[in-house]
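Should a chain be cited, it is by its letter among A, B and C, assigned in written order, with residues numbered from 1 in that chain.
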Amino acid sequence: MSDAALVYVRHQDKEQNYLQAGHTLGSWLTSTDHKRIGILYALAITFFFFIGGIAVGLVRIELMSPNGDFLTDDAYNRLFTLHGIVMVWFFLVPSIPATLGNFLLPMMIGAKDVAFPKINLLSWYIFIVGACFAVVSIVAGGVDTGWTFYTPFSTMFSNGDVIAAAAGVFIVGFSSIATGVNFITTVHMLRAPGMTWFRLPLFVWAIYATSVVMVLATPVLAMSLLLIIAERWLGMPIFNPANGGDPILFQHLFWFYSHPAVYIMVLPAMGVVSEIFACFARRRVFGYAMMVYAMMSIAVIGFFVWGHHMFVSGQSQYANFVFSFLSFIVAVPSAIKVFNWTATLFRGQITFEAPMLYALGFLGLFTIGGLTGLFLASVPIDVHVTDTYFVVAHFHYIMVGGSVSAFFAGLHFWWPKITGRLYSEAWARFAAIVMFLGFNTTFMPQFIMGYAGMPRRYHVYPPEFQIWHVMSSVGALVLFVAYTLPLIYLTWSLFYGKKAGDNPWAATGLEWQTASPPPKHNFAELPHVKAPPYRYHPDRQAPEAEDRKPETQQGAM
Amino acid sequence: MTGAFPATASAYAGEWDRFFFMLTAISGLIVLAIFIVIVGFSIRYRRGSKAKRGMLPGAITNEIELGWTSATAIVFVFLFWWAAVDQLKNVVPPGHALEIHVLAKQWMWKVQQPNGVREIDELHAPVGRPVRLIMTSQDVIHSLFLPALRLKQDVLPGRYTYLWFTADKPGVYHLLCSEFCGTEHSRMTGRLVLMTAADYARWSAAQPGAEDLAADGEKLFRSLGCSGCHAPQSSVHAPDLNNVYGHKVQLSDGRSIVADEAYLRDSILLPQKDVVAGFDPIMPSFRGIVGDGDMVKLIAYLKSLASKRERP
Amino acid sequence: MSEVSPVVHEPWPSFERQKMAVSFGMWVFIASEVLFFSGLLLAYTIYRHLDAEAFKIASRETEVFYGGTNTAILLTSSLTMAMAVHASDHGFRRMTIRCLAATVAFGLAFLVMKGFEYHSDLDKGLWPGPGFPLHPATTQLFWAFYWIATGVHAVHLSVGIGIVSTIAVRLKRGTLLVKASTFEGAALYWHLVDTIWIILLPMIYLVGRA
């Protein structure tokens, strides 16, 4: 074996990079290039992130005082609903898979594009159509059912624009399904020669697991929403108790999707941080096989725990017992992953660039969020804290502290590859730290309030909770700053950032073995894979500080 | 009250707090341990540090993984067992609970005491004896949340749900709706007023509108025509309603169930649902005729027909 | 007859791989469709279990003539679709076009029959809401299920008709080659629509009609 010399397969070809291949708006809107589609998605979700953020900004301003002096009851209810619907379906669910996944998946497996490039573009258009319905619903005054659309309030009592909102989410679901079908087929059918399943980067496994969940869970949401629309628009009595209908049936159908949905939102994040820990600790991910099994177990077991959202709904105690047990079980693979990521740091050569700071933030915040999940899995505990701010804090620790941190981590890690530019490391590190502090200030008080009995979705509240609400709102302001900073310095870097080389991080992975930005067809010649991923150091030898030149998966030429 | 520590109005709430804080302590230790390791590794193994790298432990890797996987699984299953035992202990209320009816509607709580006294947005109850709430909603799903008791239960339209407790500390506590129910959801709050048994007895006797629910129910039973079929001298073959409540009923599809409030309510509103064995399904439905208020009275009357039942 | 080499699209390295992928992708999509209908079938099953008698009363108003005829039509259309795939595999272009056209014709016939059936149902007032002719009230749940299930099925069938006619036209015009990877995928979708109908048939028409 050579002395671990740099083995880049440089693709110094005359081919333009994907950004140069067509400069018109039309070339972007009709492109079937997975890289461009990833960017189209990135623009769309960034827009919705700020819409959802403004909505909750107004909510948090209102909540600084216990009385409803800033917003009316109805306006408040519509704003928190808007926040939930937009953040879940128009930001989090597509975020990592449709942006980073689209951009990187084919490159990571050594393919020229996804399996069905035209369907990929179609999925973006479907997203936009669904988004239009959502915008229509917002402009028409909004919806106040909460993102959960519980019946019979949503079908028979709400006077918001439930049909438009439900239709928007219904349509956007098909975008998810199309993406899922595409990614699953891509991973099965387009791996480069030598890229066996257990040589895949963990990000690819994560996207694959996510896609399986998207394909199997999202249709059930679609049916739930269709039934609501049928009841509200056509008068079909499905959940109306006067006709023998059961409102709890809606909850079962809704949560059968919405619990796996949270794994759709967190599995890709796990994939991202796996790549980042390996690169910035210069170590192979500890326990690669277990990491794969853990992700697949989470995807599977995640389908059988939905009833833990319904412990006080009136379902039987036997059901509560079973769902509680399975919910404790599903926590085990997540815990394993936390241990393995921590162990990946052991005897590494760790550096703390922005992606690593975000990834470390993910690790801590996901651990806290996950442990509070154990509280909620216990039926007696849940009976008190469900529908309070305890639950709100729990899921924000995972979705925001976890998934959004990981999204930023990935965005910064692959920014040089996607844009060919380096961002300002000083500003990025500053933003990462501000985000971590702002996040904890916002959400830690919410655990306390929830335990103390502060219900969620409350516009006015008993005055003893004010101190916690004020703390939380101050934190939200800090978070707003932390999210705006990257918007500024990343955009700045597009025009004035230093040009990035092919592999500024000296990372392994096929995507780094091609130019930054990549050529339109990703590789001049398809790679032939000869080795497992994360070859940051020889087999049993921990990396030394000077080793910044990893061996690639293609091995020695 | 700073608002960090809610009131504790029952022994159960006290136990609940102990379990919660035990979980918090365990979680805190785990978080601390993981943070120390992460920060420790980050400092010790930062690039260029003097710490030894060298050979990576190989052979023990599998054992480490197996070890912490099993340990985690065992701890989690233990926590589940602890929680489940707690859950199952409290499923069945003790007998002779004081029964209070709760009707939720947008956006108020209507409570009816056993002696017929009505309250709005207030629930008076005695300490020291089991209290059972029988709840339903007139419109959407609401949820009755009593933080001082660490209890909550969704309240559904078309169905009864139940909540029981034994409180021990008199006082005034929050009563909140905790399932989003529309515009004034956050204003659908009230007071849980816990009183000593003596105070409660004095209070309920002194309220205007104290009714005899069972007597009213008997009047309804006749005026609505129920006695036309169910009275012993009727020519129509209908089940005898003495000794129904609380007893086993054999149904025509082979099942046998114990007649509770839900069964009585369903028999009046959805009589085709659970037909008694040996009888034809000819009873008409009283949906739209018997409202929730009348239902409470009829059920009180039917309960009074069950043997050896003492009136409060 | 001339052997035209099949078109290989980006990013596929070979036609065989592409063909496999189209079928694979369609199977994955079919999995999502199964889950889509499962939610509805679950709701039906639960409600039927809760009030079997009402479901029998409600189902008696469905018309077995339409149900039976439509089943025969759809099954036959699956036959012609399968024939189309076989023909395309062997390179018989005209036969493929004819079989696809027959499939479309049967599909349209199904929708026409469905239209007559809907008309008849509406004449009998079987749209859930005030003034519904049947008792008890839970019969409306059956009929709600009927309209939603057959409606969603009809939408799927229409999409299928659209797909099959499009590929038939493109085959005729020569923009699609007879040995393309598209046919098997389209056939899988068509058979899915047929299978859903077979499942709906007893649930709608045969309750209490043993």
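Keep this in mind: a residue touches a chain if its C-beta (ideal position, glycine included) is under 8 Å from a C-beta of that chain, and two chains touch if they have at least 3 such contacts.
Because the structure is predicted, anything quoted here is derived from the model rather than measured.
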item	value
Chain with minimal offset from the mean of all protein Cα atoms	A
Chain separated most widely from chain B, comparing mean CA positions	C
A-C against A-B, pair bridged by the larger set of C-beta contacts	A-B
Rounded Å distance, chain B centre to chain C centre (Cα mean)	46
Whole-Å gap separating chain A and chain B, where each centre is the average of the chain's CA atoms	36
Where chain C touches two or more other chains at once, by residue number	50-51, 54, 136-137
Chain B, residues touching no fewer than two other chains	270, 287
Overlap residues in chain A, where contacts from two or more other chains coincide	242, 244
Touching residues on chain B, where the partner in the complex is chain A	1-6, 16, 19-20, 23, 27, 30-31, 34-35, 37-38, 41-42, 45-48, 51-56, 58, 61, 64-65, 68-69, 72-73, 76-77, 79-80, 82-84, 86-88, 90-91, 106, 139-141, 143, 145, 147-148, 150-154, 156-159, 161, 174, 176-187, 189, 270, 287
Contact set on chain C toward chain B in their complex	50-51, 53-54, 136-137
Interfacial residue positions of chain A with respect to chain C in the complex	32, 106, 111-117, 177, 180-182, 184-185, 188-190, 215-220, 222-224, 226-227, 230, 234-238, 242-246, 249, 253, 256, 526
Chain B contact footprint on chain A (complex, rising order)	68, 73-74, 77, 144-146, 150-153, 156-158, 241-242, 244, 247-248, 281-282, 286-287, 290, 312-314, 317, 320-321, 324-325, 328-329, 331-332, 335-336, 338-340, 342-343, 345-352, 360, 363-364, 367-368, 371-372, 374-375, 377-381, 383-384, 386-388, 448-449, 451-453, 455-462, 464-468, 540-545
Chain A contact footprint on chain C (complex, rising order)	9-13, 17, 20-21, 24-25, 28-29, 31-33, 35-40, 42-43, 46-47, 50-51, 54, 127-129, 136-138, 140-141, 144, 147-148, 152
